[in-house]
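Alright, structures below, take your time with them.
Note that subunit A is present in both complexes that follow, paired respectively with subunit B and with subunit C.
Now for the complex of A and B:
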């Protein structure tokens, strides 16, 4: 639902630039995808909003309950945990992948011998499906697995614990592999952005006696504004839709301690078959994504004009 | 097999449906998946996707098609997809005709929505089935809606050679059981294996058994049907008993699934394991000869002995295109021949539901069958006696209890709150 909202926005944006006479081909290009989208995305999305106002078990007819589902959320401790974990996820996963990705891009932007190998190595995790990533990391985390042996090897055996089964560590143990993958992705976005920066700017800055740090601060970062908005959208969307890695590593457990809004939505929908309540959670996820991204985009547009 | 255009479109449909909760939920009028043929062919939707079970189903369907009684088309679906899609199948306009499913409450819940075919006439040929199977297959409204074909049992499994090495014998009572735990613990081996990572539902076996041993099967069933309260002191008594053996549980069991807990048991890294016979699917054949089990220890001799014997079988959609052909097929499935054919070709620990059907000829299976037959009451397992919707509430409560037994009062309160939400939904 969140991804479709973005698509709609970009599509609406490009539709503005049309000439007075529109060729039928262009119309076809606009309306055929729109029709497909309407059936596959808009209609189910509208249904989702409607369902969030009902109680529905998937079998009988839905019964209308107004905003009852949203009221229930306030007193639902699992929902509060999921909301808190999603916030933690957004901050840690989002923040660290931007910091890490940007740092790696700066380190690896200069063409040196062998730099391609490092770039490829960092990008490799992106190629794996998250489910595969989860499998690999589960092997690392398993009792007496790699993580435990390394800790014991360096004399930190006291720290060994059931990483994915301990409510205090489960969420963070899942964030690490998610970051492992996301940093490579963000790095590639920034590398592309850095390539587009005019080298003359650096040269001019150097002539004016700017240090490396100052060049980064006053040349590189402002020049990357366009990339930043892309990265931010990607990060927010990826954080809020993070599901596969959590589901395949902990299923939100143990006892809901690593639950995100997305995993909680799935389990209420397809395990507890409370489809109305699950739709209400989906609406909350949608609104969160919209709020974060709209807030940023509005500011970005305002600065541009 | 090259994907043709239709499977591609179907895939697209599945993608579109899976993209959103509501998308999935509202697609009830389309994608029956496997139905559709109106040529007198019966569509059989099967969740038996494990390799051996799938092959056994193919043999079974082939055998039926050869009898000339009709044509059945088997459509095997991964069990998790089957579980989440079953409501969609049944409420679709053009549903598949026959489904593999489980007896008891999980079948009855669909009968209550009037989605199942009344198969009372099939039961005319099933007079030799025990009373317990009849009860399990009857809806609350009194109609037969299910045809049981096989069942398996749960027990405390162990390796005979290891028990001999450690000098312990299978216990009968709770006190003896605790002693066995102590003895195994003294050898430096965690006595009780468990596998909760990924498969937290395994813990429900402990809850089920302790509850039916302490409070009896009727109380257990009522509780799971929403007619009780998890904050009841009788429920708390279950956990008080459980706490007595908590120190004997394998601490690593929280991290891995039951398949790995099986390996731990077979490798001698744990002493015993409360599990259903399906664990044998992932065990090497040579190790199986060394495997034995004992009945879950008796706690209160005054409580009639109940055992968990989950029963598998079939039900049919009310909208089946040719109900007579469906009933004919179900009648065939209820015969000893059909059940033997399935049991022989699958992993071999399932027991035919028809009393005349021969189970695999091993001492282990004979012992399991005898235990189930001598039980005064049978239960099905937590999710089958309640619903798949209630299972996650149990998973959360029980794994938390294993981690933080001190917080039991709070855990039971939370469980009751979560359960009442499920019952109201």
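Now for the complex of A and C:
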């Protein structure tokens, strides 16, 4: 133990002595990709923040209005709907995909006959784009589609409605396909996490007479702390970014009933060309994600050292 | 006896769940082979009474999904190669050499990838217009490369950092420069991570909607994912043709997934086990 520590120390020392300067090639190796990202991400991001403080129609020069755009949001009913829907989205889409994904991972963690097929079935939708997912489900929701046929078949015919065109159901009719795709993804994350749990812990718990439920509660869940925080970050960041599925199914309608902040931002920017106000909505999305982004970064870099 | 009952119940329940999960896909595949008259007469919810390939011909030719697929590949393949190439040289420099501010650089690069894309949409659409690349596939490639770089660099950095020091020292003693060490020692050892990221980034870029509709306007330049949305306008209520188009658009990512299954799932799990 001490011997190897000394060895490491001397090696580090000699490496420093041998290469005091980094070769220009290596500097270029790091600089070029960094510059590419700077041009396509950092610089536009800074512009985005600045634009959020302006009024801009895209034709004349932007005029500085301070925090005026953020003030306007307070009295904008569509913004409030979008914010509320984003919160619903976070809770339902996020919560149910974690619950479903974790549950499925628990059920499918043990290697046994058939498990491979079940995992593959649950995972298949993850491969599709959200647009493909949206179209698959639009076929379902069509009048006289399968959903309606099944409901009529089991005698619940009076529930039938234009699912995506009814403001009361549109948002939830979009969440279902999003969940269909996300549960398999979360399941894979948890399966990887469960695999990393030391089997000896289960053995010990079993010896102490813990039931399956108790083992899950007191061994599995605490051991999955790391995975839980990754899943949480992924889910929150994904939820706030969610755009494709809503845009492909309802475009945020009808009457903004399925509007999320991301879709409202897009239509404000590219359909009504209020570029300053749209940037301000983007900043709100960023601020909502900020805590999670920072948490993710801190965790990622704690493990770096 | 009760154990066997339990096993049977487990398989019955899981089999049912699995079936329900794949059923939407199967159902759309079935609809894609039905004729228009059949759908019109019996509705989308009924069992098929016909079998035709004409839906696929229509989607492929009339809607020009062929061109959309070509566009998708013209964007996806260069974007994957470029972003993984750039990410691996950056990761190599950051992981294996004592570069000033390396942690800050890595932190910034990862942070860039975690930003919500919404904050970038307006400035980027303006920027590509300014440099004369609005409505070109090149702009779309550049956006994907720039936005993906941070994450790929971070993952590859973690992977390269864990390679043993000795191999690099041995190559240095043999007189290999940093470029040679990268190409002939480090890169070959990074192949599993590159394969995982390659499979993942292929599907991410191929499946993208937001950047495509932000940077591209002309229908004939649209990749297949956004073009699929246009199909809805083109074939109003011809859901059998739309279903065929959907199947066509899904085939490439399914193919990549089947070919790189292990890498793909492994890639998704990167970071989950940390």
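We adopt the following convention: the second predicted complex is superposed on the first by the 259 of 305 C-alpha atoms of A that agree within 3 Å, B and C clash if a C-alpha of one lies under 4 Å from a C-alpha of the other, contacts with A are read in each partner's own complex, and residues count from 1 in each chain.
We take it that contacts are C-beta pairs under 8 Å (C-beta built on N, C-alpha and C of every residue); 3 or more make two chains touch, one makes a residue touch a chain.
The structure displayed is predicted, hence computed values, not measured ones.
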First (subunit B), second (subunit C), both or neither touched by A:40: both
Partner chain in contact with A:282 - subunit B first, subunit C second, else both or neither: both
Subunit B versus subunit C as contact partner of A:162, first or second or both or neither: first
Partner chain(s) touched by A:265 [first = subunit B, second = subunit C, both, neither]: both
Superposed model, subunit A: greater residue contact from subunit B or subunit C: C
Touching partner for A:77 - first (subunit B), second (subunit C), both, neither: first
Touched partner set for A:128, first subunit B, second subunit C, both or neither: second
Subunit B versus subunit C as contact partner of A:214, first or second or both or neither: neither
Touched partner set for A:142, first subunit B, second subunit C, both or neither: both
Which superposed partner A:57 touches (first subunit B, second subunit C, both, neither): first
Intersection of subunit A interface sets (partners subunit B, subunit C): 40-41, 44-45, 47-48, 51, 58, 142, 265-266, 269-270, 275, 278-279, 282
Residue numbers on subunit A that touch subunit B, as the complex places them: 1, 40-41, 44-45, 47-48, 50-51, 55-60, 77-78, 141-143, 162-165, 167, 251, 253-256, 265-267, 269-275, 277-279, 282
Subunit A-facing residues of subunit B, complex: 16, 19-26, 28, 84, 87-88, 90-91, 110, 113, 115, 196-198, 200, 251-252, 254-256, 388-389, 391-393, 395-397, 399-400, 403, 414, 418, 421-422, 425
Touch list for subunit C against partner subunit A, complex: 10-11, 14-15, 17-19, 21-22, 24-25, 27-28, 31, 43-46, 86-87, 89-90, 92-94, 97-99, 102-103, 105-127, 142-143, 145-147, 149-150, 153-154, 158, 165, 169, 177-179, 182, 203, 206-210, 214, 225-226, 228-229, 232, 239, 242-243, 245-246, 249-250, 253-254, 257, 265, 268-269, 271-274
Subunit C partner contacts - residues on subunit A that touch it in the complex: 11, 15-16, 19, 22-23, 25-27, 29-30, 32-34, 36-37, 39-45, 47-49, 51, 58, 104, 107-108, 114, 117-118, 121-132, 135-140, 142, 144-150, 180, 184-185, 188-193, 195-196, 226-227, 230-231, 237, 240-241, 243-244, 247-248, 261-262, 265-266, 269-270, 275, 278-279, 281-283, 285-286, 289, 293, 296-297, 299-301, 303-304
